[in-house]
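Here's the structure we're looking at; comments come further down.
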Amino acid sequence: MDALFTLNNIRYDYANTAQPALHDVSMTIMRGQRVAIMGANGSGKSTLLRILDGLYFPKSGTITAFGEPLDEHHLMDDTYAHAFRKRVAFVFQNPDVQLFNPTVYDEVAFGPLQMRWDKEKIARSVAETLDMLEISHLRDRAPHRLSGGEKKRVAIASVLILDPEVILLDEPTAALDPKSQSMVVDFLVGWANSGKTIVTATHDLDTVPDIADDAYIFQQGTIVAHDTPANLLQNHELLLAANLIHAHHHHHDGVPHTHPHFHLGHEHDHSGEI
Amino acid sequence: MHIPDGYLSPTTCVALYAAATPFWYVAGTRIKKTLSMRMVPLLSVFAAFSFIIMMFNLPLPGGTTGHATGAALAAIVLGPWAAVISVSIALVIQAVFFGDGGILAIGANSFTMAIVGVFVAHYTYRIIAGKTAVSASRRVVAAAFAGYLSINAAAFVTAVLFGIQPLFFTDSNGAPLYAPYTLDIAIPAMMIGHLGIAGFAELIVTAGVVGYLQKNDISLLSMSDVGTPIVAGTLQSGLRSARTLWLIIAGLLVLTPLGLIAAGTAWGEWGATELVAQDGGKTLTNAPTGLLQYANVWKAPVPDYAVSFVSSEQLGYILSGVMGVGLIIITMLLVTYIGARISRRNEHTNP
Amino acid sequence: MGGEAHHGKRRGNFIQRTIDSLAETLERSLYAEQFAEERGILQRLDPRVKLVAVLGFIICSAASRNLPVVGAIALVAVVLALLSRIPFTSLTPVWIGMFVFSGLIAGPAIFLTPGPSLATLPWLGWHVSSYGLRSAALLILRSEVSITFSVLLVMTTPWIHVMKSMRVVGVPTTVVVILGMTYRYIFLMLQSASDMFEARQSRVIGKLSDSDARRLASATVGVLLSKSFQLSNDVYLAMQSRGFRGEVYTLDEFRLGQNDYIAIPLIFTIFVSGIWFGLV
């Protein structure tokens, strides 16, 4: 196993807030690893994914991807940028952000068009990818005529067509019905079996054991724990402190009683939606 | 209003495409330079936004409703160049997919609303807002004026376009082929509705939203002020090319009537003066007196329109046409000039 | 029509009216797409051919100085609608709407335009001028012809194809791409605006006063504006993530078929004769 991403003391600030969005973040992501980034809203996990995808650049600290520094300067170069964009895919939390084309077909063809593939190859790959995600029938649909689960599948198809090595997912199961959630999880499990790297930012703890074998907990922009998913999910005190679960107060035979409580996939983040 | 097809002659439509093209071109290159890769998503989202605003029906004082074009708001928030493109794109979508405004008239509608409307709003806002803080209540007033004047300027240009049609485009009997009313009717008819009603819809939306943003998302209002990339042409940077453009446009406007007269004769159409000669004004006298009086009422707000409705002085029509056009040019140049003075002063005071 | 005013009967019910008009826009687009899948004559043509034909016919009717020629082009539109299986029920509202609008504008011209008198109105003593009548008829007919052709185009062609085919008439690729994204985000924002109004309506008891309605509209537009910025930033990131470098590329899989080769000379003939007879 070799390291795909190495982050060293990353810090990132947004222009209009005093608190850094990320600080003192160091981590290594290995090839073929499945990583979960757990944290409540505003813990910095989305920012981290954007840094991994070369969309934001840290204010301090260093990041290397595939053995080369990942910075604004390198990404100015078309060849480097195309190679990097092909290898790393990002599925945004809000499918309305991800799906910016007028039809499903155009959406899935967008990546290859930017990479200047020839037309026949694009046509063939789009057909195969739509088929793989079982959305061929949606080919000419406009995105506003898709259900939440369909949108998510199209979003995944639109990045998988480039056959990336790493896929970054921001809350992939948020705002989905249970059936679509399990579809997404099944798909990720199957895809990872082919030796791909997956980084998932989530606060949906139920899915973590299925989609990750390494997990981080983020709180207020920094890593507070790093362990296997199984170990982290047993540490209720930690999960409680990180706002990933909340204490449930109730009475047993008149005795006040408190225990931590998991939220089963209905905690949806609408912050990114319009 | 969105001009439908059939109201303007094809020549006028082509002339207005020609007039709008340099603006689109300059806007395109400027935005490309300042926004670079952000241009496509930003303009798309804002064109969609402009489209949506045009659908909001507002209750107005006095028992009517009306809706805004959003051109003034776009000019204030995005800066004039990005606004020109966003509003034009919204107009294209309205014309092609919603039948709102003609397809041949896209150039004309873009010229009046997305170019005249946007620049009038931009300069009005800048001049009135002056150096006040972004949160100053004077900016709400500035926005109100920008909205009101912007839509009225657009309506005025539209009225002039309508009004010059019967001067140049008539059949062999002298009956109008396109919009049938001359300037002395078209201008009051358009302006009464816009000065009285539609102007207030634009005023309310523009001032209301600027007021809302001051309280809730002030960064959007300073975007086109501080010189962040979204500006795409504040006064300082946009002025030189803007002035050149106005001069081109002024030239075009002056030449258009002349060109049209030439074209008219070339097509075997009776030139306006020939009409007078051949007709002796005989057929021009049977308009009903009742309506004539009505026409006079309409004329009241524009007393300087010395050309009376059926005076048969066809030359007078041309003069009034040129006058209307000249008025626009003078206003635009004046506004540009004042804008330049103010921006120069601003440059000196806060370097 | 931007900026026109109506005397609202449902005054005070501002929210409902806005939701209705937003919903109508959404429905209209879905409705339009249904006919794009019918097997009519226009549906079989390449979108580029259709776009150029529609433009050509509109130019014909605009350039014609001759009322019968404009009438003949109107007839072409009606025949095309029939052959494309567009039900008249979906065209009549468009026709009536345009007739009312243009009629109101053109009406006074019947009396105001100088010309030989055909008849005199009782009581008022106004003369119906034959030239005025012709001018009014031309204005109304031309605006009807133009809107009918543009409606035929969008009803028989998926929207995205209309946009992509605009490249043949010189619209730059960047603009075509922006149009496509605009179209896509119009629906997102319609949904968003409609949700905002509905949420608000569920909290409103009784009628909303006019000033509250105006405040609500301003606030809604303001919220939409803020969200638009957020959205455009995020979309930009999403585009970059998939390799966007500022240059836009589109796929157009249009290919002229046998039908097109038959249609092109026909359209050309109609266009040339329309222009020829129209100028006589």
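Order of writing sets the chain letters: A, B and C. Residues in each chain are counted from 1.
Here is the rule we go by: a contact is a pair of C-beta atoms (placed from the backbone, for glycine too) under 8 Å apart; a residue touches a chain by one contact, two chains touch by 3 or more.
As the structure is a prediction and not an experimental result, all values here were calculated from the model.
Enquirer: Could you name the chain whose CA centroid falls nearest to the centroid of all protein CA atoms?
Expert: That would be chain C.
Enquirer: Could you work out which chain's C-alpha centre is the most distant one from the centre of chain A?
Expert: B
Enquirer: Could you grab the centroid distance between chain B and chain C? Build each centroid from C-alpha atoms only and quote it in angstrom.
Expert: Taking the mean C-alpha position of each chain, the two centres sit 21 Å apart.
Enquirer: From the mean C-alpha coordinate of chain A to that of chain B, what's the distance rounded to whole Å?
Expert: 48
Enquirer: Rounded to a whole Å, what is the gap between the Cα centroids of chain A and chain C?
Expert: 41
Enquirer: Multi-chain contacts in chain C: which residues touch at least two other chains?
Expert: 159, 180-181, 183-185, 188-189, 228, 231, 235, 239-240, 244-245
Enquirer: Where in chain A do residues touch two or more of the other chains?
Expert: In chain A, the residues touching two or more other chains are 100.
Enquirer: Tell me, which residues of chain B touch at least two other chains?
Expert: 41, 44
Enquirer: For the complex, which residues does chain B have touching chain C?
Expert: That would be residues 1-2, 4-7, 9-10, 13, 28, 36-49, 51-61, 63-69, 73, 77, 85, 89-90, 92-93, 95-104, 113, 151, 155, 171, 173-181, 185, 193-194, 197-198, 201-202, 204-205, 207-209, 211-213, 216-217, 220, 267, 283-288, 290-291, 295, 310 of chain B.
Enquirer: Please output the residues of chain C touching chain A within their complex, sorted ascending.
Expert: It comes out as residues 30, 158-160, 163, 180-181, 183-185, 187-189, 191-192, 227-228, 230-231, 234-235, 237-245, 249-251, 253.
Enquirer: If you look only at chain C, which of its residues touch chain B in the complex?
Expert: 1-8, 11-12, 14, 17-18, 21-22, 25, 28-29, 32, 54-55, 58-59, 61-63, 65, 94, 98, 101-102, 105-106, 108-109, 111-117, 124-127, 129, 131-132, 134-136, 138-143, 145-147, 150-151, 153-154, 159, 162, 172, 174-175, 177-186, 188-190, 193, 210, 213-215, 217-226, 228-229, 231-233, 235-236, 239-240, 244-246, 248, 279
Enquirer: Please output the residues of chain A touching chain C within their complex, sorted ascending.
Expert: 50, 53, 55, 78, 81-82, 85-86, 88-90, 92, 94, 96-103, 105-106, 109-111, 113-116, 119, 122-123, 140, 142-145, 158-159, 162, 272, 274
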